[in-house]
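After this come two complexes, each holding chain A, first together with chain B and then together with chain C.
Entry: the complex of A and B
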């Protein structure tokens, strides 16, 4: 047969998941889902397609990374680029009724177009939670601790959660620079991780040397308790002080949860230009150069669906998590029963008995096999039920 | 152990000299070696030698914790890495150049460059519509044989331009080498990386 165009190809960034990887994903996913449920979160599902106008625009993902298409009426749709915006939509319309905290979880594929190095996944699975309607630091501490608990449950050795507070950064910038426009220039340097550019820009600003030093000192507010104290000393506005206090009480709570050793403060952390409103975090693991998950407080998102409410949450990328955990053969062994027509009843009975014990059993008619040697090598355990009298072999 | 991606060529010698000034005991035959991976056990460091354009890729993917890369490469590649320190070595600048007195072709304006992203962004920002032609080297050749009216390239002394009868027309950006870090390494090896940053910062030449 002639090879047709695209016969073996997939759209850019799309991948098949073959049995070996599927089993690993399933294992990691089920361990985490179980833990999330134990913390009292309830899983929900939302559609793959959403309206661009609402969910697409409310999402934290940049416009050029959205997959867009048109429905039959000409409305622009997006393949959901994250789960937070759809959950905010559901919560605002259906679930968040009495204003009390709502704990929701998800496990779904999200879609983000890739521009560089074509093979990077453009569709990947995320698992995460959203805690809606609770503006307390206790809520921030809970989601970070839950995330750490999940990482420990899946057997991740070393990981590090970098924690920042965008409210602190904004307050510091505003009190020193005076207006949002100038603050946004500096914030972009932090967002782009360009500390060299940040320092140069600060030095070029018409500020007192004391204020310049305060802006430069922001970059060194990293680490543990001392950094929090230093952050408190650096900010003088009420908002800045309050943000530093929030970070302090967050760290105290994380100690109580027993996850303090995995977290590090980084006050210069800016994960997004405008999405987050308070405490935010990114999580990194050894062996993987990219963040395996991130999250934070997004108190302004629900308002976009006419139901203002504070909220926080996180999302973990299952593909990167598996890379970090490393290759483990978690496949349960599959057994095989090869039978001939006259022993069908016996074969079915044996298979049912084994399946009832929870074992995985293939039932294969001998006539369907082309190469018995190659076939038998696939299974470590094969039972042959062949011939009338039962020449049974293992 | 920290893995550092070093750019082969122009920047390499100056970077090695800077590391030595920061008291890193690099073996004397370091620069002459043809190896691509060099372990310096006494310093707990591993160096990998890569093409300058590839340093950012190694660092972004985390196979190198740190790297030394020119600002030109960082601007061109826009990778997700931390730019920690301006090493102030290998100073040069990105510029638009062309033959003296030759105007941009109005029907089919073309610009040849090793830096298609930078060139395209620059001309778009100026409101000029130009076709960008990507070349991998000897960019100066393009205007001489009529491939393009302008080139975008790095200029250090200006000698190459001069020898080929070209003149610098516009300056796009200043370029020096930067110390960059992978975001995950920056979190997981923060202590080691901070020490290296401090030691280097102390010996960086004044501007």
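Entry: the complex of A and C
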């Protein structure tokens, strides 16, 4: 039997956003939305609830992290765990018609069930874009450059974008391990960023010492452009060469966009989002332990909605972004007019005049105040319009 | 067994918001949020999921309209069906400290399960305010005036605010019917706006013809200030007189605020929100069959969260408001730059310059376009930066 709840309690991982944080989120969100629109992306909204069988199954979030419920028709619904799958659904069914690139954006809360108290939030806000129908590396360069532009716009001075290519990892693993089963074990170590576990597991595999070394060398394919040449030397298959060439071409385009200095290549990067098929990336800020956003190419997701198309995109987490940017004082101060019944007309007129100038003004009947000393602490300034006299207090 | 779903399907009552409608919603929402802030209200956010036992039980929405799910601790969760109860939870636990009035605002989606296809939306966006801790009629006048100001700001020319007082209805029913059971049957007819049913039921009651006539006369207590005098003549108890006096005092304050011309008194008004205790109201636009918003005084809700306080507020529905305002062309046109690989640097530079002027610019690699004739239809203007020559096409 579940414990009895206090009236104040919230479900596990659920949080309130009080006025100060609300203002910060609003500012960050609106600056980013404006920039996204300038790049020609169009925002859409999708429902909070989707069918588990359709969008739920197409999403890349583990089943035990989904919030599920039954509808009255006997179908299982999920609270959307990400926005990429719902946007793929909309694009495939209603928007992606002539095979030409489609640029869509979103700003929405997503939901991932948490196992224990004090853990991560179970509901959090993302803002991001999806570029659907364009398989060129130029499209990958655009979304990464847009993401960097957003971070600069919100004042995040120092961030780094780790970039890898899941096709490269797969090609190398296939070349050396020969089968998908072994590859998936190693990929799991990489996406958990458990490099100690990876090394130990590699050493336990029945491989030549040369092949073991090649698998270990994957972990050192990091840094700038030089990592790409090393990557080409390591994976000799056509697929491996092609993946490395795509990364080279991406890097060159990012130089043109002026964002290459934030890039850290990491050819061992593997995402927890299983739908990625090519270039993928994660973005980090100095002060935050988790990625503040991630993205990549997912060329097979649209086919699940019967409209095959290449696609790429990213999502940024507003909560982690605000942690990275740090507190800034965004609240406009509020003025207050305290009035008594007789002076209502005068008070309304004064408030209207101030509001018309864009100022924030509370209008408060004196009879509604319990403790005027405490109340008056809250506001930047108070005007008293009390009693019949024309006298004004400040 | 549930029917098999197509990949495109959405759960009952769930809707996508495509770019055109998204822009309209964004504009309406931002104009209203700005005005709400000018009146000194502070926005907060609460979680999408709340406990059924706490906030779910405190909300006024019928049980069969709640979306429910079980969490891993065995508690039932609900998707919030309204925002008033969650805000009462936050105010009581974290914000309402010195007994002084607190002005909070919200802009959020709420959820109400629908029974059949083609019905009303099961998820819709509300914007509204809650004024907590102020029991004066001035507080009721403020929230109604703020609601009217919002409707004017979004360009809704003609709307009417029906205002009643649940305390008046209760006092009259108690006076005539003598018990709550009979009163609740009659109240149900009123909140369903089933006046034919009300009349028939009244005629079936074992009452004197004078009392039957008084119950029928309740339905004609409508219109301007004159309805208040008629209301005072009809309900002679102290509670009835006091309720009518509050309505009179509200009406006078609304005249001072300059919004009385939109007011239609309706002393028979009963809301489906069961937590209202005093003045209550619904707002209608000419073109829309349902209220676009409603509100009222709920002086007993905060006590459920262990912090008794009077309170009043309103919520407006964004979807109905947009239906009432009608379509307006809010989309900024998007320009497009189509480039080939050689000209990337030039294209990026041109896009940056245009975006810095606030223009919306898509940057598109020619290799990502399948059908250039179809693609070029989408944009207001296209600049082609193709090949090695310096020539530009338009």
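Rule of thumb we're sticking to: the second predicted complex is superposed on the first by the 378 of 394 C-alpha atoms of A that agree within 3 Å, B and C clash if a C-alpha of one lies under 4 Å from a C-alpha of the other, contacts with A are read in each partner's own complex, and residues count from 1 in each chain.
The rule is short, and it goes like this: a contact is a pair of C-beta atoms (placed from the backbone, for glycine too) under 8 Å apart; a residue touches a chain by one contact, two chains touch by 3 or more.
Keep in mind that what you see is a predicted model, and the values were worked out from it rather than measured.
*Asks:* Kindly say whether there is room for both chain B and chain C on chain A in the superposition, answering fit or clash.
*Replies:* They fit side by side.
*Asks:* Tell me the contact category for A:285 with respect to chain B and chain C: first, second, both or neither.
*Replies:* first
*Asks:* Contacts for A:212 in the overlay, against chain B (first) and chain C (second): which applies, first, second, both or neither?
*Replies:* Neither partner.
*Asks:* For A:256, select first, second, both or neither according to whether it touches chain B, chain C, the two together, or no partner.
*Replies:* In the superposition, A:256 contacts chain C only.
*Asks:* Using the superposition described at the top, determine whether chain B or chain C touches more residues of chain A.
*Replies:* Partner touching more chain A residues in the overlay: C.
*Asks:* After lining up the shared chain so the two structures overlap, which partner does A:139 touch, if you call chain B first and chain C second: first, second, both or neither?
*Replies:* A:139 contacts chain C only, not chain B.
*Asks:* In the superposed model, how near does chain B get to chain C, counting Cα atoms only, in Å?
*Replies:* In the combined three-chain model, chain B comes within 17 Å of chain C at the C-alpha level.
*Asks:* Spell out the residues on chain C that touch chain A in their complex, using ranges where they run on.
*Replies:* Touch residues, chain C against chain A: 1-3, 5-12, 14-19, 22-23, 25-26, 35, 37-40, 42-51, 53-54, 58, 67-69, 71-75, 77, 79, 89-90, 92-95, 98-101, 103, 109, 111, 113, 115, 122-123, 133-136, 138-139, 142, 253, 256-258, 304-306, 332, 334-336, 341, 344-345, 348, 351, 355, 358-365, 367-371, 374-375, 378.
*Asks:* Which stretch or stretches of chain B touch chain A in the complex?
*Replies:* 60-63, 80-86, 178, 182-185, 187-188, 190
*Asks:* Would you pull the chain A residues touching chain B in the complex into a rising list?
*Replies:* 158, 160, 162, 193-197, 199-200, 222, 264, 266, 282, 284-291
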